[in-house]
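After this come two complexes, each holding chain A, first together with chain B and then together with chain C.
Then we have the complex of A and B:
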């Protein structure tokens, strides 16, 4: 009988190794291929059959950074770096606002039983699952009236729909896991509620708050539809910008690949850094890795 | 989650401020999001109107006519059909594949841990960008995948640009992005299962398939149900991948709910129909999310209850 852990006969072990290689190739090849493509000129990209023997070039990256594309039809200005700046700005400010709003709320839900408390917590959670276009389409009409259309403020406000539920429910779990006894002892010593919250509760939940912030940043960065509907070119993040870039640059495939690499690098790097907390973040705090 | 842990710190300060404190702490978060509830009510209101931005003078209340008209609207049923097809294909494939990979990586070893982290990278790629990556790879002129299938003699496969294969292509991209989501949740579930039943089965020489169907699967079920419902909720609302890949085309082959509502609104300026479509999608996701939250809470209590 073949044992499931594969230490018995060598055949299951070999089959497992083959399966693992196939899986890794399927999931990692696209990233690797686009990465390689970003260091090629259009001539080597268009060559058939595709070849790995090419001289790497940085031309795609330099023309992206300078914002001038050399195309067959002449020079074209494409401010892709500005999209990158927008992504950084929108994601980090949204996460900061979410932390300021979400951490105290998470603490309230974890430490106090209060009327409507659970209702409020679940209402905030339900925003995560409502169809975004349901609110975005009417919101686009409102934003025009309120002067929020195509502003960072308007976008950061809407981004709270992604960041807040995530931060709220992950951090709540961390507050619940920390025993309230330490805070209680500190309060008995005559310290105020606020000091107990900032000096004891927040440091104890620190790793959870950091993890929730990182994950919220990743999800905000990867969002596409909010800015597609509510922002014009000068406020759009990379997700929307890359699509516009494809339309505008036409056949400059090397530069498209370089733009894709620059768009996905930050989240991939953060994910590798925050890998320990990813399971928890992806399950909104329900499963620990 | 015991009741006693919730009352102690609050009891120290005065009774009134103690009662107000949790509201003061949680209301800012709620108020910021309530602004979003206003458009929700507006969407419900628009869905009861004949409302085209291009014909403002014809705007007027038609109550539920928009919804009744859907019954005889072939386009609407087509949207329902492609949305269901997309959702069932993506979640079905992702569940089977995710379960298979989780079982493959179950044992804690350096190779398996490194592989499970590497497999998360597609999930961390923005879905809209992932669609662009696959678009480059499936380009009929130079795409590496077009070249690979040509080695097998397939030269007329048009990927996302032919109606017959467009659905396959976007499902493939969705599977690439989201299989790791199911995989990582099931892997965490598998690794958290108690070891005794498996050791006992091994000692008794129970066949592997019996262990899988009678022990592993039932014990893993809460994780599978939660992960599947989570994906169903997201998949039926898919927009990014389809929009970035084909904007709903070619023809009407990929007009999922949200893509269809988007085009109704911006291309045909039919605000009323777009809002009614979104209300129907909302009703579906609302029902699904209620089921999901129950399952999710069970898992959450399992994780946070034991301390």
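Then we have the complex of A and C:
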């Protein structure tokens, strides 16, 4: 885009660059600030006026990783690393389960018209826009009865409310965009429908599946309220675990910043890694070159 | 029956019945061109034969084996799609090898047979390329190679030359009959181009309104279409249809239209009825001087079509006539005389659209 219409007058190009800088500063400055905060002690953070000149310290990271926080009021145990592990476990298993369930379902919704098909698809989507608080109270009661309260299984089950609709609807769109002729051709070649699904449909929808999986992972990772209500300390993810930094002796800004930096790392790394598939092959030129 | 045998094929989408009972038989080595306007169900018919159309009800036999209830993978046919339908994440070689892999052919045999068919279609040099690196012509050849490699008993080709450029289309029209003969399969070839049908077909099936409107060798369909619809469909530029009311003549009926006086050896029953006189644009010649039997007309416009010129004319009597001629024509606005070769002139009943049968044919039937 920029290269095509940026060839004329330089003014639009300059304006576009300025707009880009403004947007980037707006979105990235808080992250930069958090990053800087994570290398400062609470004292320097709260100093007025704030200063960019400080002696970096790794104390926040070491206390998070070792799990012991030294405060003015004494030593405090921090289950942060365990929270981080919970987050990774809950999010990745949830996404995996959703992919296993959602991708074949998305294929069915995309390729076949069946009775109540649209209604089922829409009901699944409605899980996304129903407020979670609506279901939390009955869920927590059911979970107690079923013995699912405070278990990974229970949380992963509830996380399907987040992941499954996303994956189903995004991947369905990709399946619908791919010409069924390519699968038909594979069937006519003598391959079973299952092979056509696994060897043709899934690879062709690969970028969509990757994008949907990544989005679902981020949404699951960012979830707060389900885990807050349905799990106790040892099963809680980072989003809930970060509450522990609001201690009796004050808010531990440095540790919060370090915790945020650590907790955005996995999603950031995943996004950078998956970017390749997100962009590549979106137009594979399957038909009518 | 050894080739392909279809009986009572019906496809209905809800209440809309697209194909209303198709019976077709194609012999091994025969090429049947399925011809019809867009949206008439040609592709759906092919899909139904291949087992890809869940809405289809049909009795399909391939080489004597009833495959009606089998899935597409068990019918053992080859198919080329209009949009090529190559597997974008595989190379041309893997694309072509796919039907063989499904049949557990050994890798060495796959190699030999892919190379054979690639040499036949002259795509050996691009076997390592992925579909997006292929030109449209190469894609189309790869798709054909994939359909041919398994040596199927039945070949279904869905307008394979639709998406390739004109030059390549001519090349392939010359090459295809040889390829299809070598394959020896019962072939159904979908086309919307009557020249393609003329060049490739042993027989042409005209699909109209869910039925086979006419099934005959291409020359017969061109010379003796059994209805106005078929006549209009099969020919480019389309046939001239001039309203007329014939009177009984010496050897049939006499027709007067566009300034011509024509005697036609057709059934006298047509006399006095409202009819359409059909004259192919190729059967009309232009002259700049008055000729016996010629009709006066004014030249309105010309446009080249392949080696011929298509000329739009207005007869002195007011009808518009299209002629397709070889060689130069006078500029638009000129007065010309039109001569019609009436040996192939056709007469249709205006109401029913049916062709008025020739007298000679009647005699044959009587004898």
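In this section, the second predicted complex is superposed on the first by the 234 of 289 C-alpha atoms of A that agree within 3 Å, B and C clash if a C-alpha of one lies under 4 Å from a C-alpha of the other, contacts with A are read in each partner's own complex, and residues count from 1 in each chain.
The rule is simple: contacts are C-beta pairs under 8 Å (C-beta built on N, C-alpha and C of every residue); 3 or more make two chains touch, one makes a residue touch a chain.
Here the structure is a predicted model, which means the values were calculated and not measured.
Visitor: Which partner chains sit in contact with A:210 here, chain B, chain C, both or neither? Use first/second/both/neither.
Guide: After superposing on A, A:210 lies clear of both chain B and chain C.
Visitor: Quick check on the superposed pair: does A:187 touch chain B, chain C, both, or neither? Answer first, second, both or neither.
Guide: So A:187 meets both chain B and chain C here.
Visitor: Which partner does A:161 contact after superposing on A: first (chain B), second (chain C), both, neither?
Guide: After superposition on chain A, A:161 lies in contact with chain B alone.
Visitor: Per the contact definition in the header, classify A:246: touching chain B only (first), chain C only (second), both, or neither.
Guide: first
Visitor: With the two structures laid over each other on chain A, which partner does A:105 touch: chain B (first), chain C (second), both, or neither?
Guide: After superposition on chain A, A:105 lies in contact with chain B alone.
Visitor: By residue count, is chain A touched more by chain B or by chain C?
Guide: Comparing chain B with chain C, the partner touching more chain A residues is B.
Visitor: With both complexes superposed on chain A, which partner does A:139 reach: first (chain B), second (chain C), both or neither?
Guide: In the superposed model, A:139 contacts chain B only, not chain C.
Visitor: Both chain B and chain C contact which residues of chain A?
Guide: On chain A, the residues that contact chain B in one structure and chain C in the other are 179, 181, 184, 187-188, 193, 284-289.
Visitor: Spell out the part of chain A that touches chain C in their complex, as residue ranges.
Guide: Spelled out, the residues of chain A in touch with chain C are 179, 181-182, 184-193, 200, 203-204, 281, 284-289.
Visitor: Hey, which residues of chain C end up touching chain A in the complex?
Guide: The contact residues of chain C facing chain A are 47, 50, 52, 71-79, 81, 83-89, 98-99, 102-103, 131-132, 134-136, 139, 143, 146, 150, 163.
Visitor: Which chain B residues qualify as touching chain A in the complex?
Guide: Per the stated touch rule, the residues are 1, 3, 5-10, 12-13, 19, 21-23, 25-26, 28-30, 32-33, 35-36, 38-40, 42-43, 46, 100-101, 104-105, 107, 111, 115, 117-130, 132-137, 139, 141-142, 144, 147, 176, 179-181, 184-185, 188-189, 192, 202, 205, 207-208, 211, 223, 226, 230, 233, 237, 239-240, 243-244, 257-258, 261-262, 265, 271, 274-275, 278-279, 281-282, 285-286, 288-289, 292-293, 296-297, 299-300, 303-304, 307.
Visitor: What residues of chain A sit close enough to touch chain B in their complex?
Guide: Going by the criterion above, the answer is residues 1-5, 16, 19-20, 23-24, 26-28, 30-31, 33-34, 37, 45-50, 101-102, 104-105, 107-109, 111-114, 117, 120-127, 129-139, 141-142, 157-158, 160-161, 164, 168, 173, 176-177, 179-181, 183-184, 187-188, 193, 196, 218, 221-225, 228, 238-240, 242-243, 246, 253, 256-257, 260, 263-264, 267-268, 270-272, 275, 278-279, 282-289.
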